[in-house]
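This is the structure I want to talk about, given as structure tokens.
Note that the chains are named A, B, C, D and E in the order they appear, and that numbering of residues resets to 1 at the start of each chain.
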Amino acid sequence: MFYATLEGLRRFKIPHNFEFVSIISLYAKWIREGRLKVDPSWNKEGLKFTCQDPCKLVRQGIGDLVADDLRFVIKRVVGEENFIECWPNRSNNFCCGGGGGALQAGFVENRRKYGKVKFEQLSQTGADVVITPCHNCHTQILDICDYYGGKWKTTHLWNWIEKALVLEK
Amino acid sequence: MSNPKGSVLVVGGGISGVQAALDLADSGFYVHLVEKSPAIGGAMSQLDKTFPTNDCSACILSPKLVEAGRHLNINLLTLSEVLDLEGEPGSFKVRVRQNPRYVDPEKCIACGTCAQKCPKKVPNEFDFGLGTRKAIYLRYPQAVPLKYSIDERACIYLKKPGRCGFCKKVCPTGAINFDDRPKEFTLEVGSVILALGFRPFDPKDLEFTGYGRLKNVVTSMEFERLLSPSGPCMGHMERPSDKKEPKRIAWLQCVGSRDINKACHGYCSSVCCMYAIKQAVIAREHSKSGDIEASIFFMDMRTHGKGFEAYYNRAEKEGIRFLRARVHTVLKGRDENLIVRYVEDDGIPKEKEFDLVVLSIGLETDPSVISLSKRLGIELDADNFIKTSSFSPVSTNRDGIFVCGAFSEPKDIPQSVMEASAAASCAQERLWPSRWTETKKKSFPPERDVYAEPPRIGVFVCSCGINIAGVIDVKEVTEYAKTLPGVVFAQNNLFTCSQDTINQMAQTIKEKGLNRVVVASCTPRTHEPLFQETLREAGINKFLFEMANIRDQDSWVHQDDPEAATQKAKDLVRMAVSKVRGDEPLPYNFVPVKKRALVIGAGVAGMVASLSLADQGFPVTLIERKDRLGGHGRKFYRTWQGNPMQDYLKGLIETVTSHENIDVRFKTTLKAVSGSVGQFKSELSDGSLVEHGVAIVAIGAESFKPREGKWNFLYGKNPNVHTLLELDQRFIKKDPGLLGLNQAVFIHCVGSRVPERPYCSRVCCTHAIDQALKLKELNPDMDIFMLYRDIRTYGKREHIYEEARAKGIVFIRYDLDNLPKVREKDGRMIVEVRDPIIDEEVILHPDLLILASAVRPRDDVGELSKLFKCAMTEEGFLLEAHMKLRPVDFATDGVFLAGLCHYPKPVEETIAQAKAAASRAAIVLSRDEVPAESITAAVNPMKCTGCALCTQVCPYHAVNIDENTGKAVVDTALCKGCGACVAGCRSDAITLKNLGNEQIMAAVEAALEE
Amino acid sequence: MEEKREESWQPKIIAFLCNWCSYAGADLAGVSRYQYPPSIRIVRVPCSGRVSPNMILDALRSGADGVLVSGCHPGDCHYISGNFYARRRFALFKRFLEFIGIEPDRVNFTWISASEGEQFAQVAREVTERVKRLGPARKLVKEIEPCPQ
Amino acid sequence: MKKVIDLNALRARVKAQIEKAVPNANINYCLTCGLCSSGCPATGIEGMDPRKFLRYLVLGQDEKILETNWIYSCTMCQRCKYACPMGIDVGRIVYEIRGMRPRDKRPKNLQRSCDLQKQSNSTGIPNEDFVWVVNDVLEEVRENEPKWKELKAPIDKKGAIFYLNQNAKEPTVEPEEMVPLWKILHAAGIDWTYSSKWWDGANYCLFTGDPEDWEYTVRKQAEVVNELGCRYYINTE
Amino acid sequence: MSTINEKITTEIRKVAKELLEKDEVAAFLGYTEGTVPMVMKPFVARRPEDVEKLFWNSFCVLNLANYLPLVLQSLEPPRRPNDPLPEGPLPRVGVLATGCWSRNMVVQIKENQIERERVIIVGISSRGMVDRKKVQAQVDHLEITEVIEEDHKLIVKGPGFTKEINRWDVVRDNCKSCVHPDPVIYDEVIGDFSGGRQVPKRFGDIQEIEDMDIEERWKWFQEEISSCIRCYACRNACPLCYCPTCFVDDSRPQWVGKSIDKTDTALFHILRAFHCAGRCTDCGACESACPMGIRMRLFTKKLYKDCMELYGFEPGLRIDEPLPLTTFKLEDPQDYILQQGQKGEEK
């Protein structure tokens, strides 16, 4: 949980001689540096993608910067024209309802009622795939997709990066 | 400062800058008016309509702008800015830079050919980028000065000389001058008035509003442009995405105000609630289909001004929905529609789809103005407004430099106009010794004697944008006018009241040798003086003029029957022409001014007004019905900014009683008044007679005592129930009983905003909260509950509301259907009220119950208004000449008003209005004679039988029987032209010049011609 | 004459409005966009006290189907007492006209203040309705009989 | 039945506690404008919404605050704080209230996750199993994916530049989901390592509202990374 | 035994002779016999011996107040309209005055047409004057050569007939409904006053017309004025009409056409009547003077009735009371004003 560690280090003033970063920022950095080569041409039939801005990473974490990195990576991986933006998004995005221990707290019926807004927002984009760069979002969106009969697939980002990877010989 | 400069610099050409300039120029001071943009008018010129009168903003503003534009003693410096300033009060040196207009104002006739030819289109900042304009442009159609100017950032030629330059080729008068360079010069002035206005808040950073991301989210100023006939879509509203007319519109209040999180503006911009209601009302009227559904999402509905509450009630009655809910994010609906999720008191989340969302953005200070203030050493407060104190509302920290308008605090137009006059008054209090030293005298061309000429009538038919032309076929009316006997010239104009059409009219009168003029446009009540002035400048007597009101009394009221409206317009023009044919040139009468002012009522308003006039060397008679000075001011403890009231009052009373120019009369009331402006004769209750040129009514008001009825709340029955003023008395006396309290309850709106008194008393929310803070200061851990309907701590007052909440004071909202219930049980008070958020009854046990009771007009205000012939509103407050632009004048010339008798207001606004009344009065007193009525009665001795009926019906004793001839004689100095004598006279011996029986019958018969 | 009575006929009504109150009220009706029938032809007079019976007779003679005289509410008159004298003059004149056979609804008197825009539109609609019910004025209209060929 | 609140003396103890713990909570500043409720997906759940929650707090209805399960519907996502005109952080207040819940009254599963987290990881699988699964999956990939013969998933590699944490779900339930990230890191030529101890990135001790537990788990992770000497601690997806 | 009239005639001559001889007055205004029976001419006696021509009978129908300003002016030295008034006491005029004539003099005084000090009023209580048209009607309009008047009957003689008529049957309508026969201001008195009269249904004739519906009234009005030949005898007989240019003669603006067109005539009568509102004392001079027998008094009497009902005012009774159209009261009735619902206080 990005925010848990980030805020934990800060709030409890835990001595550490490392920099705490998100994998999303690194994906973007490596693609920009050319260390990580990706090619969207695999997406011939134009699979439509959208993404979820995890609250703990974006709004409570490092904000719009990482949201922009996320989009940069997705667009380079699936092709710019195949990415559909949600609204609201980035730091103002709706919470999916999975975080904050909701998945574990066991109030399933409340959790799903909570997720209805997110479900409508995602289905309104008509995307085929929803990328959830956070485990809690992934579980929750998977659940509300199936509970409310959504049409999209819920995946992490790395699956698609893997698909778009270009390995030099 | 022995002999101060007789001139003043006004910085900022908005409505308050222009008003200050006009007041000063009319009182004998030369004014330099510096305006950053190419034309004056400021934000008000961007408005379509203004609340609460729904006047079309341009219509009430342009006469003032044209007057300022043509005023001999106002030096209009457009495209100019102040660089720096030094010197001391009475003699400031100000360095000013005038940026290049690239168009020679002398030559430019604003024909617009250059703009047609100019290829470069850029977003029009006047329309907030909604529409476009050319590189060479007019800021708005009725701009003053009506001269084109080139935007150097856009002009192709200026960026790369040699390219384009079409405008120069086509300009008929060769006015284009690409070599125009900025000019810098120094002005020597006695005083400076800062009227730099405000900048609308830019919501692009509030990303959740969707502004800049969702097309159909616009700001209120952009919506005002969509509504305005001179806006990008000619007044027929189109929504940005698909140019269709929006059916369902939502207004989101407090965008950029009362927000210390993202917008970092903790203050309330005090005008957004009212302009949102106005926009909703006007939108419903502008819509072709007429079935607009308007919803306003708000926290507190702040309609605290005069006539505002009635406006709000009427809007609600007409079906505008008011939803007490603030919105987190504007969501995207189908095809560019917008979804608003909101939660009302019931806590149930609801969604509603809208075609358009308008953000009611607040007001803030422009960064360029902030840097200017730093350069001039003017202190700003945390909100970047000028720091003013309660007792000197228009002064800044630098002596001799004053402020008015939205630059000191967000405020509405009447308040800005009052402060403008107040600032003018402060300037005059120092510079009065050098009055009329730097001003020029107005001279008119010699008047052509038209007596012998046959009538040569010119008819000018106005389109008034779409206001008239939208319904009436103005072309057909103009053609028809040409067929009328005596009419030698007829023309249709887009805006007859605009500067260039006025000049064009003067030109036409000279060229065509016209000796009668008819203007078919709007109401003569506002525009007749403007056109008459033009006749004088064209060299013919200004009374050879008639108007046909084809807008307010024709196109606006017969919108659904254009043919009948056009036919009626023809009738009205025919009537005006047949009436003007009989008009004769009339003399310009003048009446000597008695240099003394009578001020009625010695409360704060009366004393401040008297002091302001006395400091300018004008003797004042101040009469007070009680045996001591102070009035309402004695009753309260401190201003909301914490300044103790009684110390200020003591100082003020001492200065007034010891001032040699002020003759204070105690226990004296006004018995009778005769005469008119410049020559009033007032009979006082002590039998004495006072001759005075002007009068200021400042008779204050009373606080409502809820003795019985549903607003009683045990008042008068339980010793611990007070009104606000009674609690203030205990504060003043430092009553020990106020210590050791553990719970207090305030109830707001006691007797205000109810059917019997359908107005908001404006001062009680702020006063109650300030008292709660004082109680909390005395008993830090006591509980305080404020039971309110809408908290109306407008402007900077919002800070003490925030401070009160921060200190743990709990605010519980009630409404007329769930009034708090107060009862007593074994000696202790019990207050029950429903908390609407959690929908549960809350029981309170206060030791102290304070009722924020209404401020109501005095019962005897009726008699006084009869003496001065001033009107009253339904609620009993005195009615000023024009609620928006003449807030301290009465319709009767030479009589002004200030203080609570106008409308309830806090001390700082009372002081501003008192000084404003003094400034308006100084315009009369600073002159030796004022124009008197020219349209007076005249007797034909041959027909007069001496029956003296006229003398008995004349209200002004202006006509009497000459002892030796036995015939009636009229004193034109006193005659007001009411015509009572003419209607009474059986032998048609007395007539009213230009309004005689013959002319009225000509008009009547013309109306009925087939 | 009969066919004029049907719905589309618009009566011609001369309205003498006092400049300070009723004319301002009519303007306010305009500003507030209260619609009323286009039958009213407004003549601006300084005060209701300026309107004399011969002006009303002149209007009726010239073919007005109705006459409306409107002034300030008693006590509001800008000229202090204009409307008081007018009130007596019109009281006697209206009764006398009815006595000699002029329909009461032909000549109407009302008080409209500067802030009563809605009332003005209401009066305009009401007077037009009343006059419409009476049909075109015939009694005091001066018609020059065509000289018999 | 209309409940009645008798405020003879307003004792908002819970609010006082929170204000001590969170100085700029600004709870009193609330204008009851309803913006938070309109933006919060949890509005209407358990008959509660952020505005009502704050209102009960201000009016001292402490027992209602302490026992409502709404605090487990609110995910502390701070969307309310994002647009609230007074910047009130209802999420942080919910965190404080969760902390006030006695351990046995907290949702069992959530508390268990935190306790497990404190031992090793949130699913409770032994660290050895984690190491075994990683290497097992790695072997499998190297065999049947020729291109990825040299793929590596180093564990406890001292001096690596990047330390990568791993969510407990993959090794316990769907190990093959770990492979794509390995491939990406490999393709980018990144010098990284897992840790065999305290490798789980999740931190349910934040969600129980228990500051000590939360601090314990974060401190443990920091020690591991310091010990490994990595310069960056990557938080996985 | 002489009749009442003869007694009054001798009395008038005595008073007039005295006044003229003592030079109290320079002229005495009374009546003398006309050239045809039942018509008396106003007569100015300037020398004591002229008094012999003064007569009094039941046919003194013209209102002497009408001629008073003229006689007064004839005694003043000639001056142009704008010249100042001559100084010093001006010669005075003696005049007979019954109830209505004296009230007209009060109105004239209030309208500065005559000065009270220049007039010596000889008050006579009127027994009601006879309407000669009623007498002619009694004798089927045969030519009348002589009328001998006794106290309560008239002996009417003509070629081939003599008829006795009861005097009260032929008294004028206005005299029959008169409640103020006694003069209200006077300096001398002839005969004794009757002390006022009670008249049941004083405005009966007006009530009758008011009870008709609107169209009947219009028909009555048109018939009444249909015979008017616009000779203006009524205007010339009325003491209230002293305008130099009457509105009918005005051409800028031309209020009323000159022809006998029914509308012009209607407008003339309406406006003439209205000009008498609150001033006319119902002396009947106009009706007596009208050659066509138009009962125009019904118009002025309606206004008289309204003045009494609305403002409780009867013209010419008190010299200090202002005329109704030159004053007002705050609570004057205004039920005829179109009142839209006042924005009343709803509790």
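Heads up, the rule we're going with is that contacts are C-beta pairs under 8 Å (C-beta built on N, C-alpha and C of every residue); 3 or more make two chains touch, one makes a residue touch a chain.
Not measured: the values here are computed from a predicted model.
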item	value
Starting at chain D, fewest touch steps before arriving at chain E	2
Components of the interchain contact network lacking chain B: A, D | C, E
item	value
Set of chains adjacent to chain C and to chain D	B
Farthest-lying chain, centroid of Cα atoms versus that of chain A	E
From chain B, the most remote chain by mean C-alpha position	E
Pair of chains whose C-beta contact count is the highest in the structure	A-D
Where chain B and chain D are represented by their mean Cα positions, the distance between them in whole Å	57
Whole-Å gap between the CA centroids of chain B and chain C	34
Centre-to-centre distance between chain E and chain A (centres being mean Cα positions), rounded to whole Å	110
Distance between the centres, which are taken as Cα means, of chain C and chain A, whole angstrom	76
Touching two or more other chains - residue numbers and ranges from chain C	54, 58, 75, 81, 85, 89
Interface hub residues of chain D, defined as touching at least two other chains	44, 79, 82-83
Residues of chain E touching at least two other chains	247, 253, 325
Pairwise chain contacts under the document criterion	A-B, A-D, B-C, B-D, B-E, C-E
For the chain B and chain A complex, residues of the former touching the latter	207-208, 210, 213-214, 329, 331-332
Contact footprint of chain E on chain B as seen in their complex	755-756, 874, 941-943, 945-949, 952-953, 961, 963-967, 984, 986-988, 997-998, 1001-1002
Chain B-touching residues of chain A, taken from the complex the two chains share	87-88, 90-92, 124
Contact footprint of chain C on chain B as seen in their complex	53-56, 285, 523-525, 549, 551-554, 556-561, 564-565, 567-568, 571-572, 575, 862, 866, 869, 871, 873-874, 879, 891-892, 935, 953, 955-956, 976-980, 982-984, 992, 995, 997, 1000-1001, 1003-1005, 1007-1008
Residues on chain C engaged by chain E in the complex (per definition of touch)	53-54, 57-58, 61, 74-75, 81, 84-85, 87-104, 108-111, 116, 119, 122-123, 126-127, 139-143
